[in-house]
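Naming follows writing order (A, B, C, D and E), and every chain is counted from residue 1.
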Amino acid sequence: SGGDGGGQAGASASTSSARPAGGQAGAGGTYAVITHGAPGDSFWDVVKNGAEAAGGQYGAKVTYQGDGDPAKQAQLIDQAVSEKVDGLVISMANPDALRESVTKAVAAKIPVITINSGADNSKELGAITHVGQSEEVAGRGAGEKLRAEGVTKLLCVIHEAGNVGLDQRCNGATATLGGTVERLQVDVSNLADATSKIKAKLQADTSVNGVLTLNPAVAVAARDAIADGGSKARLATFDLSADVVDAIQAGEILFAVDQQQYLQGWLPITFLYLYKNNLNTVGGGLPVNTGPGFVTKDNAAQVAKLAQGGTR
Amino acid sequence: MTSVPADERLAGAGVLRRLLVRPELGSVVGAVAVFAFFSSQSAVFRSADGVANWLDPASTLGIMAVAIALLMIGGEFDLSAGVLTGTTGLVMVTLATRFGWNVWLAMLAGLVPALAIGFLNGLLVVRTKLPSFIVTLGTFLMLQGLNLGITKAITGTVQVGGLRRADGYEGARAVLAGSVTVGGVDFRVAIFWWLAVTALATWVLMRTRAGNWIFAIGGDEQAARAVGVPAARVKIGLFMTTATAAWLVGSIMALRLSSVQANAGIGQEFIYIIAAVIGGCLLTGGYGSAVGASIGALIFGMADKGIVFAGWDADWFKFFLGGMLLLATLANSLVRRYAEEARR
Amino acid sequence: MTSVPADERLAGAGVLRRLLVRPELGSVVGAVAVFAFFSSQSAVFRSADGVANWLDPASTLGIMAVAIALLMIGGEFDLSAGVLTGTTGLVMVTLATRFGWNVWLAMLAGLVPALAIGFLNGLLVVRTKLPSFIVTLGTFLMLQGLNLGITKAITGTVQVGGLRRADGYEGARAVLAGSVTVGGVDFRVAIFWWLAVTALATWVLMRTRAGNWIFAIGGDEQAARAVGVPAARVKIGLFMTTATAAWLVGSIMALRLSSVQANAGIGQEFIYIIAAVIGGCLLTGGYGSAVGASIGALIFGMADKGIVFAGWDADWFKFFLGGMLLLATLANSLVRRYAEEARR
Amino acid sequence: MTVPSPSPSPSPADSSAPPLLETREVGKVFGSVIALRGVSMVLHAGEVTCVLGDNGAGKSTLIKILAGVHAHDGGEYLVDGSPVRLGGPREALDRGIATVYQDLAMIPLMSVWRNFFLGSEPVTGPLRRFDVARAKRVAREELRDMGIDIRDVDQPVGTLSGGERQSVAIARAVHFGARALILDEPTSALGVKQAGVVLRYIARARDRGLGVVFITHNPHHAYPVGDRFLVLNRGTSLGQFAKADITREELTSLMAGGAELDHLAHELGRAAADTTPGPASAGPGTT
Amino acid sequence: MTVPSPSPSPSPADSSAPPLLETREVGKVFGSVIALRGVSMVLHAGEVTCVLGDNGAGKSTLIKILAGVHAHDGGEYLVDGSPVRLGGPREALDRGIATVYQDLAMIPLMSVWRNFFLGSEPVTGPLRRFDVARAKRVAREELRDMGIDIRDVDQPVGTLSGGERQSVAIARAVHFGARALILDEPTSALGVKQAGVVLRYIARARDRGLGVVFITHNPHHAYPVGDRFLVLNRGTSLGQFAKADITREELTSLMAGGAELDHLAHELGRAAADTTPGPASAGPGTT
């Protein structure tokens, strides 16, 4: 179900009303959020903000760690287990690799909630629920929308070679677009170079009429490349930033796929808090979807301010 | 230039051979080979438009590679230079957008932390005698943390943007990040900055006392000290030069993109070193040239973009990039060896 | 050991001082300082559970750091070692899961490309006389491309998994990636492999002809060649040793995670070098020790995990990591300098 | 064999002016190695002080103290009569002390002319740029004057022969030596002719009023040009002798047990004709 | 001044066996530098061939060809009468040719004993481990025999004095020299006593039947021990002379225009007493 700009306000409202439920309990517990996002990644930063905000609400201590290397992520989980936290929030981009550590956590009677990816394995590994949906689903949504815009040849810009999540987004788009999808590798830490690479691709292959970026900063680079190169390609992106919202308003970017990842931080902390203090479980173990939402010219103005604050 | 009668113990060295002995002209061969190869693969690559395209990333890389080359000739590394471009950009954009400074002023303000960090790097290396690899690795990590931590603390997000709306943006952009139209094709101004930096660095290396000292401390620091070269001052100066180059590049990038991410520049430090080494700098110091580093940046830039122009599968991108680099340096070194058998 | 009468030109050197002169014991001080610091910050860090926790990453890092240290003492770098751990893991998991091989056999099969790549690296360095930094940078990039390209071609995704269901998994896992319970706490087997590798490397360095040759070619290759050291063979051997270590670590990781991503190991190559340098290896070659590299890995592992245990904000993680590394190497070098004034 | 007793307080050359350089009981310890212990010497302007001694006696260590490369551990080092602690070779150079080191000489990858002017580059123009043309010319001339014909001053020093390298270092020190010149075994790698040229340079510098510290193993090189002889043995001083107080024979035997040497001469050759090589015709330069 | 004419074809020492080493018109060019041109020489077992010449004459280049460090560009190099092209120093060592180089000697960061055995480490036990105890003992003994008392064989070579380092290199070559020993200016950095010891070593090696190539600038070192003298000048050969064909005086003046030297002797000293330093008493070791 596609939430849009209004979803955020709803979430905020519901949390403030949830406060009386357990807010008075002085120590709300300690929860560890461990994701596969690299530190400084704009997507995961919003998740972190959401989790920390929820922790603030409930008087709980929330720690956030992220590492794209599954081995490191597993070690971080092991560490949290030896610290005997009250709950774990884990993004399972590579369920196979985390299996051992998650099982260990469950065996130690630590409630686990999986977020973002790993919905299929969540229950099997003993997590109490899953929040968010896979990158693949989000990618499908983007592909569909691009097809509707008449894109037949799409450039999917990967900013971290070998990252499972990014690959899944492109796969999803490929599945629903119907046309050709080509991939391009750029480096997210050198955006000027990314600009000229995208431009080079557009110059070299003029039949490309759509570009899908998977990161808001790369989206801005792609926007410049399209403008500089005088290309007619339509641009869409994953995730938001102030610049992306500006560009959507200016019509330079068609839409941004918005997973509302703030919820992927906020909700699991809420659930864990409720589980700890009230033994609540949500949805009977079925996944709780947070998106995908789409930010388009229509709702961009409202979202713009929220993106500034790091909650969208 | 000099009219000394030739010594009978000197074999006749053709003009070609004499030219090839210069470290730069060795790497030119690599550059020509890469250019020829990709030109044959893609018509766009060799078109004016295409050239303008791959010259653009080569220019910012080149500015940094030249500074790093000076440092490497002086026998040191700087791993913090890449992140520092991000730091200076962040300072500039934050001051201009969150505190309403004029862009020019904000840019100048970015120079202050850059010089401070360069000075600190140099001082630590000189005082502790730890290898600069370790010292600048420390500042590299610490700067990464600072970039992220401070940006988050001030803005709540991992990037700052909106420079476009700040005072003086247009002027600064025209000077540092604009384009110049030559024959209907837009070339980035950064290309001219790159040429200027290369020329300046070459002049310093070849025609000033400081240049002589840089070669000397990189070649044998003890011996240089023994004849009175102020090694500590030269080293600190080199680190500050690198920091200044990082500031220039950071400002160019920030003006071009009008926003900066907290992780900007991470991982670039090695690309700078790579460009310098492709251009003939020795990792052990004491040998290299600014022009060589520039050509190294050019080779890297061409290979990097050429693969995209040639339309090869993105999954194999790195494979081709590695292969190209290896072949380019190999061509370069074969030529140099042919010409230079003399130098052990 | 020897009973030669002391020379009147030797000042009395206390036992302490003599111990401290060893490069390893310098870095021990850094390790102790880091341990003491984090122990004071977090009770879990110093608990048996916590120790098992941070010894685990230190062990795989340590195995690689020791191999890289040997190579660095021999005067060369290997930037491809990190990706190679991914390559060996990918080969193993692919063969075991897609082609139904027994895990042991698949693991052995992974050794073949590893040794081939090590040999190739060595051969290129020895033959072309290009700096190993450039050569292995080339193989580093090419391997990245191969890992991604081949994995995508075979599996359609960027990771292969499901090793758990393959023949012989349990046995292989117990030997390489299992745990040993000591006093109720699970310690990873990899820790023992690490100790074994360190001991073996130390023995080779200090007590074999090969060890003598490694120091010699790193110290002055020309001079070593001149007295008949087979420098080319030693270098190729060192690259193959590093590749073997990468194979061991790649197998351990694959067995532990039962899946491998196509980008596994990228970026680790510098961590290995960092650990070796923290442990006292000179970047210029000819000096260092295997035990030192192990302790370097330990310091890195402790700092890396200690910051998490101490509960500091992840945004500032890198800042603290950089600071810790700088302080640890500084402590280490101050101690060493005090003890070692004698060596230039 | 009679060993002369060293002059207890070195007699100043001709004036009551303080000596150019003077050490009083200086020492140097490297970690556990005691390289030098209680060595006193003086150098007056217009005089040559020779430092003699076996291998490892501490000669190079002593002159590195004089040149500011090492700080001394004990005793006093006086320049122009006032105690100093040099912070580095730069300070020594600034006081007019130029040095040719035995092992720290040249930057192998740099060209001859760049090495020649390293640390004292001539500058020109408002931008103070390195006067390359002049540097090349002067380097070439100075070397030619010294009888070293380098093919090409652009050649990297690392490719010069051992003696050529040594000659460049000496030519540099002589060119820049302002008041004191310290030479550590300058003639050891040189041919007969070149060694003669160096000795002549030393004499000329002395006549110009410079003080020269000259280290050598060859008493036939030392005796003719030296005014004062400091003999070191295993890190300690056997004393400093004025020329008047010591003969060449005494000096030689002080350096290396003379009796042993006579014996050696008999051992060496196979043909009897060769065993006692009679005194050769050549002067000091040839030995 | 009469210059003897070189023996056109070098007369073999005592046998019709092919010479140990022989070069015929070899040359060597480095880039544009012609370092050596058409040089012929022979070395017989049980003989000493001295190579003499000015700085930069090409002596080191010649012996690096003999030792396999450089490949020769022109001419022929014969070992035991058959032409060879050595692939590297290892091949030379395998043919029993041990060398002490002027500039490629030791690994500074390694200890004395490790350097001593580098490339020829003694091994022991089934695992063929480096016999450290024996290596230390032998290194210490060999050095002591040579009159070099190193404080501690564990000291890194980089901290030894110039002469000490040279001595270690020589001791190593003598210890491992199997059939031919090549010494490039072994005595230049040595004190009188140590130089004497080295000359004695050369004589002893010769008497044991080894062939020795000995480079020096000092005719007083060369003449007593040499059987054959090869004189180089600016990269070319002035000829190879058997000892019978040349006197010490001729050799000296061939090396460095004799007249010039006499003149020099007058110049050097200030006091008349010093201008013509009479022939010293000491034997060859002292010069």
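Please note the rule applied: a residue touches a chain if its C-beta (ideal position, glycine included) is under 8 Å from a C-beta of that chain, and two chains touch if they have at least 3 such contacts.
Source: prediction; values computed, not measured.
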Least hop count linking chain C to chain E through chains in contact: 1
Chain located farthest away, centre of chain D as origin (C-alpha): A
Chain centre separation (chain A, chain E; CA means) in Å: 75
Whole-Å separation of chain centres (CA-atom averages), chain A against chain B: 35
Distance from the mean Cα position of chain E to that of chain B, given in whole angstrom: 48
Junction residues of chain A, two or more chains touched: 39, 161
Contacts with two or more other chains, residues of chain E listed in rising order: 30, 33, 151, 159
Multi-chain contact residues (two or more partners), chain C: 9-10, 144, 148, 222, 315, 317-318, 342-344
In the complex with chain A, residue positions of chain B that touch it: 42, 44-45, 49-50, 53-54, 56-57, 60-61, 82, 86, 144, 147-148, 152, 155-159, 161-162, 186, 252-253, 256-259, 261-268, 271, 304-305, 308-311, 314-315, 317-318
Interface residues, chain D side, partner chain E - complex: 30, 33, 53-57, 59-60, 102-103, 148, 151, 155, 159-164, 166-167, 185, 188-196, 199-200, 203, 207, 217-220, 223-225, 248-249, 252, 255-258, 260-262, 264-265, 267-271, 274-287
Chain B residues within the chain D interface of the complex: 1-2, 4, 7, 9-10, 203, 206-209, 211-213, 215-216, 219-220, 222-230, 286-287, 342-344
Complex contact set, residues of chain A against chain C: 39, 48, 63-66, 68-72, 74-76, 78-79, 82-83, 94, 96-97, 99-100, 160-164, 167, 171
Complex contact set, residues of chain E against chain C: 67, 69, 88-90, 92-94, 99, 101, 104-110, 114, 117-121, 123, 128-130, 132-133, 136-137, 140, 149, 151-152, 156, 158-159, 172
